[in-house]
Amino acid sequence: MPAGTLVHLGEQMSDEIHISVIDYGIETVTEGEPATVSDIPDQRADGTAVRWIHIAGLHDVAKIAEVGERFGIPALVLEDVLNTSCRPKIEEFVGGIFVLLRSLTDDPENQHVDLQQVAFVLLEDNVLLSFSEVPAAAFSPVRRRVRTGGGGRIRKAGGDYLLWALFDVVVDHYLRVTDAMDEALSNVDDRLQDRPEMVSAADISRLKSEVTALYRHIRPCREIASILNRADSPLIEATTEPYLRDLNDHAIQVVEAAEDLRETAASLRDFYHTAMSNRMNEVMKVLTCFSTIFLPLTFLAGIYGMNFEHMPELKWQGSYAVLWIVFVLTALGMFWLFRKKRWL
Amino acid sequence: MPAGTLVHLGEQMSDEIHISVIDYGIETVTEGEPATVSDIPDQRADGTAVRWIHIAGLHDVAKIAEVGERFGIPALVLEDVLNTSCRPKIEEFVGGIFVLLRSLTDDPENQHVDLQQVAFVLLEDNVLLSFSEVPAAAFSPVRRRVRTGGGGRIRKAGGDYLLWALFDVVVDHYLRVTDAMDEALSNVDDRLQDRPEMVSAADISRLKSEVTALYRHIRPCREIASILNRADSPLIEATTEPYLRDLNDHAIQVVEAAEDLRETAASLRDFYHTAMSNRMNEVMKVLTCFSTIFLPLTFLAGIYGMNFEHMPELKWQGSYAVLWIVFVLTALGMFWLFRKKRWL
Amino acid sequence: MPAGTLVHLGEQMSDEIHISVIDYGIETVTEGEPATVSDIPDQRADGTAVRWIHIAGLHDVAKIAEVGERFGIPALVLEDVLNTSCRPKIEEFVGGIFVLLRSLTDDPENQHVDLQQVAFVLLEDNVLLSFSEVPAAAFSPVRRRVRTGGGGRIRKAGGDYLLWALFDVVVDHYLRVTDAMDEALSNVDDRLQDRPEMVSAADISRLKSEVTALYRHIRPCREIASILNRADSPLIEATTEPYLRDLNDHAIQVVEAAEDLRETAASLRDFYHTAMSNRMNEVMKVLTCFSTIFLPLTFLAGIYGMNFEHMPELKWQGSYAVLWIVFVLTALGMFWLFRKKRWL
Amino acid sequence: MPAGTLVHLGEQMSDEIHISVIDYGIETVTEGEPATVSDIPDQRADGTAVRWIHIAGLHDVAKIAEVGERFGIPALVLEDVLNTSCRPKIEEFVGGIFVLLRSLTDDPENQHVDLQQVAFVLLEDNVLLSFSEVPAAAFSPVRRRVRTGGGGRIRKAGGDYLLWALFDVVVDHYLRVTDAMDEALSNVDDRLQDRPEMVSAADISRLKSEVTALYRHIRPCREIASILNRADSPLIEATTEPYLRDLNDHAIQVVEAAEDLRETAASLRDFYHTAMSNRMNEVMKVLTCFSTIFLPLTFLAGIYGMNFEHMPELKWQGSYAVLWIVFVLTALGMFWLFRKKRWL
Amino acid sequence: MPAGTLVHLGEQMSDEIHISVIDYGIETVTEGEPATVSDIPDQRADGTAVRWIHIAGLHDVAKIAEVGERFGIPALVLEDVLNTSCRPKIEEFVGGIFVLLRSLTDDPENQHVDLQQVAFVLLEDNVLLSFSEVPAAAFSPVRRRVRTGGGGRIRKAGGDYLLWALFDVVVDHYLRVTDAMDEALSNVDDRLQDRPEMVSAADISRLKSEVTALYRHIRPCREIASILNRADSPLIEATTEPYLRDLNDHAIQVVEAAEDLRETAASLRDFYHTAMSNRMNEVMKVLTCFSTIFLPLTFLAGIYGMNFEHMPELKWQGSYAVLWIVFVLTALGMFWLFRKKRWL
């Protein structure tokens, strides 16, 4: 089974936070990994238009608070970033947009799905802060596009486009996870058709819970993408709007995929029940056929086991042979009947 | 079973793209099949008002990109045209309307339903581009109407009417597919009533999955037709509006038909379960009747098989005959009782 | 069972169309049955304010087209009138209102429900055209009210009131059909309670399909009545508005009745399953009781059928009598136990 | 079971109508019971501000029509008052508000719920007409408040407050009926837990139908209260608005209670099925245990009942005793196994 | 099981009411516990900006009425405060906001959840009255924050912030209760997987009812929080709005958690049924195997127990041994077959 259990990454606590700063523009990209919040340079590198600060590790409250203070992020927003059981949301505040998401990354090697909270804060002047519980592999393609895509769209666009790119990559990973889960479900479906006795009720129940959990994590992204699409914020430029509309479609598609998964899991359970009750039917038929064949035969044998003094058949020469013929004919007749009725 | 499995046509890759250009007006129709995108003539043929360019084959990204550039189609729209797993959608962009649909064509010969993505881009000046993964047989009736319908509506109307005609033909084919599926379901229903043992749980489950898949492909057309109907675009003339309203009704009808199919499939499954449990009941009754008839008889036979020295009955002349009468009467009595209780 | 299967009346093709023209006013009623469309007089009879033209028979496309041309009905509307599988709808066009409905008439004699498409086109100047597939018995009460109701409301009012009266009579017949079906369902329910073995799964399944079909035909009338109620058309006078509001309530009531029917059919099916599984329980209990009573007795009899040389009981005088007492007591004890446990 | 079946009161026809007129103001209350409609005095008693006319009995169409004419109630409204199968509704007409409700009164003595249609017509100048099929006991508390509440709110307020008081008392009775039904359901639930064999499927099915019927009668009051609350009628004074808001909350609460009842009835049915299938399990286990214990024992006894000449065991002195020991040990071993597996 | 039954606290009547008054500002906190309503000082303590009056005990109608009169709370609001079966609600009145909630407090020691009604009335001039049926432990953290949080937000903010803090603490406790219930459900789930025979249908049914009850109490808070969030009241300052938005998210999260609980309980019931039917299958298989093995063996033994004079096998020397071999081989063959078919 390729799809595995959800593993909450942030639970392996580490007090370290990793900061990476990328300043980029059409021509230039400058990267840095300041050790502390105060080491983040005040000025953007020359010739760069966008600053992307990524902070991995949400356990050290004090440091995150320092980030908040440095960049003027409201306290309530910071609390949501730190509270890893917070519901995904989007919020506009004065001078910024805050997006909180669950990132799901399929990890086929370890047979599980990595779950972590990620947050994006888009500030004025094309500064984007992103937060994750542990370093987020999902963001590397975006980083690569920034580094290598010399004349590409991302280098020409502003922070709002970067927000879109990061959000889109999160939604993309949802699609990979739902695809993997879909494959897992259809594997179990095939096994149910071929060898129903190899599938246990607990397997089905576990898959159903996982699909439900997936759905709960994915569901809010539709609403968030829709709010972002309709947002009338000065931080979002008109050129980015078609991308947000596309993201919205993307989010609708992935939530529909998750809904389809739930339906598939439900019909898998139905099919399991049908398979079980078919097996039961089979068992019952065998029982019935055996009883129905042997009960009358045993009765007949019982009759000639009686000790009455006056039982003429007992003395006849051929009785025993005749009785065997009766036994065999009765059994064959029943067998033929059951075949006709498709019980055997 | 007339309705078969969905077969995704576009999967048989071919790098060739077929371009066909039809320029038509009230009096004239000019057709051409330019080999490359650059061979498409710049000017419409004299006396024609509408240009319809159909491009079959979405695998050669470079050529499609060339089309996009030539006709000024935005990059995001082109990406959706090329991405054959994209959700059906409608989008207005500056100077155009973009409609993306799944085309379903019932292919009774090969016992399957052909599935491919089709896209329509209506541009200014009555130019309509249509895209399909393979040459789309569904569009031939429209082509025929353009060619032959000398004084007909289509030759008088503009590109928006052509868009309507193509969309309508796609919805029409949906209706044929749902009709075929409906027939398949009612065939299985008949078989279930007559010979339930000939229908397997896997048949039912397969039909249900197919109906669900159909529904997922058809469902978005309702929303798209509704948006097109309400669209306030300069590309759509007032005379075309009643047709779009009609298309909207048509789309609602076909989505309702697909919803009805789902309901039918669900009650088919229920009926299958009932049939199964009725068979189980029948089996149980036979088992019970046989056991109930033969257990007491066997017990009686067992009694006179005992070896007690003092069993007066054993010595009586008529015991054996009397016992046979008891056996027969008991069996007949039970049989009568079961008949009365409708167990046999 | 009073409610029967839906029979589509229009399927018995006949190329004849029947035209009847009624011109009426407060004082005068003039009726005529012109043989062809061109025989319809141009002028309304003197002193009449409303003209009602009823056309029965939708198979002769040419004649219906002639009607359309004569009265200036748009082509799209005519197509919907002729297409008997078209979804019920309401449409306003310039100078008219078009209403398409399914008429259901309970026919208790032939044990079925007659189904046909009816269409109403209200034109300017108080002209109302009504179409039906075969002559519609449902409209006779309206015709009678027009003829006889000398000083009545209908003779004083305009074409919009006539439209209301015809629509209302259609909804009225829905209510009769749902009532008949409700009675049929409660008959089956009674039979299920008294003699569950007389009801087959196919009966239940057939009733459920019929209720679903009824619902699908009735459902659209709610939406249509609501649109008509809210319509802001110059063809509808203020004095007719309270009647349309009433019609709207009426339509809501009948659709709710149809929804209730579906619920009733669903719980009938549940009850059928319960009854079946109760019978199964009963069968199982009988089987268990018989087995549980006779298995130990047969075992005991078997013991004394053994041929060991040293079985002291076999020689004792009273053994046989004692064993019989044991048999009877065991059986009675078991019987008492099963009674106590309510298994018998 | 305290909650009983719904009994439609109006079905006991009586052509008598009872008219009672109460004129009241802050200081004065004047009551009268005019025999006929024309006996109702034209003028309100001196010093009174509100007139409440209650008419019990809706069978004499002529007399109700007379009431309508006298007070200027539109014909359509009167028809709804008289049609006792009409859906509950609210309607504003020129100079009045019309409210039609179902009154449900719990009658614990006769073990049933009385059902009748009641209607309120609030007219200008603080005149309120109320109609019921039979004299409505539910309204006595309001009458008492009017008579005795010298300085109370009702005597100071107008007809709109009286309308509120009567509506509120109807909703109050709904709550009593749903409470009684809730108790009936929880009684059956308790019985199901303690003595499931005492509850029949028909009981459960009957309760479910009654809950559904209750729900259908109660459901419309939510919509009606909400429309009344939002009504912008000159007949409703600002001081009454908080009461109408309260009534709206009250109606939401009672409809939610009825919805909860439906859910409770549904889970009662589920629990019944579970209890049934548990009993089935129990029966099956007993059957299996008996068969599994006695089948091998009977087989053993059968072996030593065979008549082979060469069966050494038959001649050994202790065989019989040893076999008894085997019988007992086998039986005990099986019994211990079944206990361990929790089958007995 | 940590989560227990809901216990309605207010049912232990006590006629005593406890009043506590806290006046606080940035610098000062003054607390008092006046014995009667009239002992509440008219003036707020010097230097304080907010007055919080908490009243525990809703049984003494007269005293609560005194409170209402003293603070000008409308009669209808007071009635809702006193009616402990009133639906949770929010209402704005002239000069105040009224919020009515159910407080749920998890009491792990006594294994139950305490339920009581709480009400908040925010008045002008930063006066907040809170009511509870018994002293509400849930509010102590807020009291502590007021007392100790010298420079904290609560001491700087007004009565609207206090209202938020109290509402938020109620919602917080909902989350704790749903978490405890979630744990209880997953405990039962684990037990069902490991030892299904230890879980009874009544346990499942009880859990399901409790989850439903929880949901009904929690559900209204979403609507109330949303109305409060959108409220455009002069009593709510702009600085409190982000907190109310946060509360709204919080309420949505808790209601979703309660909905998830319902789903979990439903799938627990499904899983219980599956486990039951699996056990049934197991029982049936054992029965079938035993019958199928022993029926033919017993028949064979019966044959050689017959008393025919001419049965050659009876005289052969090795018959008995051969028959035993047949017995053993038959039994082993069957056993092997059942193993292969996974019946044993």
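Couple of notes before you dig in:
Labels A, B, C, D and E are assigned to the chains in the order they are written; within every chain, residues are numbered from 1.
Note that a contact is a pair of C-beta atoms (placed from the backbone, for glycine too) under 8 Å apart; a residue touches a chain by one contact, two chains touch by 3 or more.
A quick note: this is a predicted structure, and the numbers were derived from the prediction, not measured.
Here the CA centre of subunit C is 27 Å from the CA centre of subunit D.
Centroid to centroid, with C-alpha atoms defining each point, subunit B and subunit D lie 44 Å apart. Counting partner chains per residue, subunit C has residues 277, 280, 284, 287, 291, 295, 298, 302, 305-307, 311 touching two or more of them. If you draw each protein chain as a dot and join the dots that touch, you get one closed loop, with every dot joined to exactly two others.
Each chain touches the next in a closed loop, which from subunit C via subunit D reads C, D, E, A, B. Remark: subunit A residues 74, 76, 86-87, 89, 91, 93, 197, 201-202, 205, 208-209, 212, 216, 269, 272-273, 276-277, 279-280, 283-284, 286-287, 290-291, 294-295, 297-298, 301-302, 304-307, 311, 313-320, 323 touch subunit E in the complex. Those residues of subunit C whose C-beta lies close enough to touch subunit D in the complex are 193, 242-243, 245-246, 249, 252-253, 256, 260, 263, 267, 270-271, 274-275, 277-278, 280-281, 284-285, 287-288, 291-292, 295-296, 298-299, 302-303, 305-311, 342-343.
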